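Naming follows writing order (A, B, C and D), and every chain is counted from residue 1.
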Amino acid sequence: MRIGILTSGGDAPGLNAVIRGAVLKGDKMYNQEFVGFRSGWRGVIEEELLPLGRHEVRGISKQGGTILGTSRTNPFEGNGGPDRIREVLERNDIESIIAIGGEGTLAAARRLSDAGLPIVGVPKTIDNDISATDYTFGFDTAVQIATDAMDRLRTTGDAHGRCMIAEVMGRHVGWIALHSGMAAGAHAILIPEQKTSMDQIIEWVTSASDRGRAPLVVVSEGFLLDTMDDTHHERGLDAFGRPRLGGIGEMLAPMIEERTGIETRATTLGHIQRGGTPTSYDRVLATRLGMSVLELARTKQWGKMVALRGTDIITVPFEDALGQLKTVPQHRYDEARVLFG
Amino acid sequence: MRIGILTSGGDAPGLNAVIRGAVLKGDKMYNQEFVGFRSGWRGVIEEELLPLGRHEVRGISKQGGTILGTSRTNPFEGNGGPDRIREVLERNDIESIIAIGGEGTLAAARRLSDAGLPIVGVPKTIDNDISATDYTFGFDTAVQIATDAMDRLRTTGDAHGRCMIAEVMGRHVGWIALHSGMAAGAHAILIPEQKTSMDQIIEWVTSASDRGRAPLVVVSEGFLLDTMDDTHHERGLDAFGRPRLGGIGEMLAPMIEERTGIETRATTLGHIQRGGTPTSYDRVLATRLGMSVLELARTKQWGKMVALRGTDIITVPFEDALGQLKTVPQHRYDEARVLFG
Amino acid sequence: MRIGILTSGGDAPGLNAVIRGAVLKGDKMYNQEFVGFRSGWRGVIEEELLPLGRHEVRGISKQGGTILGTSRTNPFEGNGGPDRIREVLERNDIESIIAIGGEGTLAAARRLSDAGLPIVGVPKTIDNDISATDYTFGFDTAVQIATDAMDRLRTTGDAHGRCMIAEVMGRHVGWIALHSGMAAGAHAILIPEQKTSMDQIIEWVTSASDRGRAPLVVVSEGFLLDTMDDTHHERGLDAFGRPRLGGIGEMLAPMIEERTGIETRATTLGHIQRGGTPTSYDRVLATRLGMSVLELARTKQWGKMVALRGTDIITVPFEDALGQLKTVPQHRYDEARVLFG
Amino acid sequence: MRIGILTSGGDAPGLNAVIRGAVLKGDKMYNQEFVGFRSGWRGVIEEELLPLGRHEVRGISKQGGTILGTSRTNPFEGNGGPDRIREVLERNDIESIIAIGGEGTLAAARRLSDAGLPIVGVPKTIDNDISATDYTFGFDTAVQIATDAMDRLRTTGDAHGRCMIAEVMGRHVGWIALHSGMAAGAHAILIPEQKTSMDQIIEWVTSASDRGRAPLVVVSEGFLLDTMDDTHHERGLDAFGRPRLGGIGEMLAPMIEERTGIETRATTLGHIQRGGTPTSYDRVLATRLGMSVLELARTKQWGKMVALRGTDIITVPFEDALGQLKTVPQHRYDEARVLFG
């Protein structure tokens, strides 16, 4: 009986290392066979299978993306659902599914598991916002890419005496902004968990500028000024309730420039944060998760996923990862905030 | 008598290596003294001087930005002009000026030189659009940063089966797009020198997609569709003559997506292309230019600048760098175009 | 009353971020003043002090090395000892010492603390071999550098069909080898904790080669073949008890080549593993440790140090870090070993 | 009729980009078919062919190594020679050979060409020592890797007040040392073209140390002290005529330490200089060379190779690349030497 693997949702550096870890361990220790589903749940529902053996995973742990492809297909939509999936598994001699995905994927996996399907999981999110795991793979790479970009922005900011704004990923949580901003020595870090006033931002920017520094402001894409309500991003509105096109960084730039008189430029790092070669940290974490989830599947611990706790890979039920986003706690924000301004 | 150095216009990786090259050589070979002007021509006009000796240039060749600061101040504006500059030089015991800057700076330097001021120059432009030199420092770094970003974009494009658009610098010329696109294996490279039809772009994108590739489109910020006239960028208009906010990449994304049905995402690399640690290529080039321009100043070859020809540093009059931008010639575009689609 | 900071022992990427974290937090929250001791304990004993304020720590968190300098001076040797140190502290208005160093430094700090001196500490080791902390700063950077180097070695190995050996740091523990080897997909990882037979190594190398791979062997500098006793490294002997000049990697290369007939090349990564820009992971960890140790000093918790536990910075007594090296546990080695061959 | 491609000699970053450039252009413009020879001339003589179409070259321009494999096999040795090669070409419907290799390969290619075989070439050498081309691909990548390593070595040297020696590739020429040393701000660059006395080296090291710098010495593997004769390296002798094991860097370290009293450490960069992802510079150069050599083959310009002159790809006869190594000219050394000490 084969094990099927799928990757679902946005890609994250390390996906291939998870796949490789599971396949290599299964192949070497148990002669286990595998099959890949193309493009996440879509490959399950549409029965699009890919060969997935030792040859296919050769040398992939350092590749970004996922060799299986990914999509945001919901397994309950369209022709999907537990019965369809059970049918596909049986017809293709597949005993169980290893689902690698974010909160949506894990929630779906849980529902399918509750419906009796043999599913185990690996949590995946660039944003590091899944509870029940200390870190998710891909996060470290995203932080490193953002930090490298900020190191570059700082020198050009210094040369011109400009305020530089770097907008990083993080629609609901500020982990990437917090870590990359701390690493890059930002003068302000603006995250979704902490609505902040324009006055406060101006104070930080001015303080840095007064000491002769070119201010660096790091902002999560989901950050809101205290004058904005939670629906501004969904509705595409700026701080004044007007339609806006750019991201929050581009919205803040002219506001800061106008209030401080300091030339201000925003850069949206965008998709480069989630692609390319994973850091060694993410490769090790992902490889370990892949090898561990293989054990979950082999020992038929359906409804469970692997996670990082300290330096250990542990097992937790899907529900531990669901329900509540892992946001930046107040003490971590306060810790970083000391360095602002 | 001291030599004054200034950096003017946008920053470029390698500025500090030029400064260091000139100062170290002058100090070691001739006991020459130097002084820096703060923030380009503004520092000359406003008589803002910075100490610039061996100590100040220590370890700076690998730093992005410029230790002298830069600005876009025109030396003829405001209180400026030849008389004011001559007065500042005399009062501060400065024999000559080494001006490191782009076309605007070199044009101003030429006018000042024609007015009898002792000026020599080093050409600087990220965009590589200055005639009379094979390459300018900073260009190689910008291409490397853009290429690294595209390597990342490709893996995320592949994972999702998306068309990825990377918008790079280049308002008037397409050198950065040409080189980074070639290095990254782009399926289309769109540059200001080559107005292109949407039909052609769609053909390239579709061709790549049909072969199972996630299309990568590289576009210079100054590119125009054949339906756009040269004033669209200045007037901030999109392909349909409507006001637009984002850059050309963001304008193209929905057009491509609509025509091809392929999910399309644009990333504007922005300011990260010009900051941070220079490549070794740029450090070597910049160091050599700095040492050579020092000789120009020492031998009083006013009105001249240094340039790269093959592997040699040569001397050319300012006017050789002026008048005509160095655009991507047709044969270089044709060479690259073979690989499109 | 001022706080004195020193860095001692081998340098590690992140030292400057620790210093900056402590100084910035102290300056901003408490108006605390600081002073640096030059070159570790030597600066204490010889009363060589450096100014250490906000200006000095500007922009240093991304710099490798340590702005204070470091040495392996033992504070009890020569003119040192508790009385001398107490005298220096008093004369210079220094209330306490923050000592950033490895096991030797922490052991000395403990003895001084036992003798009544006001000392707190931050553990530092590239090798990640200090108990009581999940990770030490500098380790992640070393692993990343080693992994990058191995990614390069693999392509040249593949091109020539060679076996490549990468010797990494780790005299007593194999953490760097374990993590970088796992990240790079090594076919064998040889660490000091696991004496291994040449037969076993040959089996792994041959197995990889038989599958058409160019074998990659990662070896800690302190690894011993099962035929070598623990004193071979100290005595500079090779596997046959003969004097040797190169490291263990260079010793293994001809042995593997002779037994397998596969051309084999060894590279000793050496000092590049500990220098240069820290990863974002190390910058964040080091910054947090620096801010936390400042609190230890402010609250006079002499004899204690900060450490990482999961995602938290905790406080532990010096003795928790001493006595026993944190070696690679059997289960972590077994986990990685599955992938060998 | 197909075109056969081979890569021969040591690998260099960019080989795959050359292959891809030739194959893609041939496929797209002329429907030309290709075949690869496995492991250089060995694949020709032993008739080991690899499929080489559009699919095989997909995404390879950023990969180090060579997908065809390489070896140092001489086409005239063993069963080789013109007749054997002609036979293999005919039997496999191969019209011509594109040989990508260094001086040895080009010399063999010339002999084969003189014997009437249809061969064109692309010069390849990490060392940049081939006449008739301004630069060879792979050189820029090697310089960048060496420079990055030196940036790291400097911070650890500074932290400890040590003299750091970096030994780089270059058995007969000093180009890598010259460029990386210049980029890294070395205090001495020792190259094969310039025998130098120990007294001179000590003067440079001492001068840097006296100014408070940690001296950085860059040395080509083929450098000789003025007391060594040209056979010391071949005979494996040190400066005193004694057998030695390590490279020249390791030989110099204790000599410098003894004479200056400054702790000195040598690092041999070794194989990491030639592997891994090529820089964008090398990718562009290699791609252009690959596209151009395809034209040479299509137009039957046997006995010729492509080369870089300024910004142009030109055509030269094989003999222009042979006979004389391109060494570092005196004026380039003198230019760099100004910065020593």
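Brief remarks on what is shown
By definition in this document, a contact is a pair of C-beta atoms (placed from the backbone, for glycine too) under 8 Å apart; a residue touches a chain by one contact, two chains touch by 3 or more.
What you see is a predicted model, and the numbers here were worked out from it, not measured in a lab.
With centres defined by CA atoms alone, the chain at the far end from subunit D is A. Centre-to-centre separation between subunit B and subunit D, using Cα means, comes to 30 Å.
Subunit A and subunit D, compared by their mean Cα positions, are separated by 41 Å.
Subunit D has its Cα centroid 34 Å from the Cα centroid of subunit C.
Multi-chain contact residues of subunit D, defined as those touching 2 or more other chains: 151, 154, 277. According to the touch criterion at the top of this document, the contacting chain pairs are A-B, A-C, B-D, C-D. Subunit A makes touch with subunit B in their complex at residues 7, 10-11, 15, 39, 63-66, 69-71, 145, 148-149, 151-161, 164, 245-246, 265, 267-272, 274-277.
Touching subunit C in their complex are the following residues of subunit A: 20-21, 24-25, 28-29, 54, 58-59, 61-62, 134-135, 140, 143-144, 146-147, 151, 154, 179-180, 182-185, 211, 213, 277, 279-281, 283-284, 287-288, 291, 309-311, 335, 338-339, 341.
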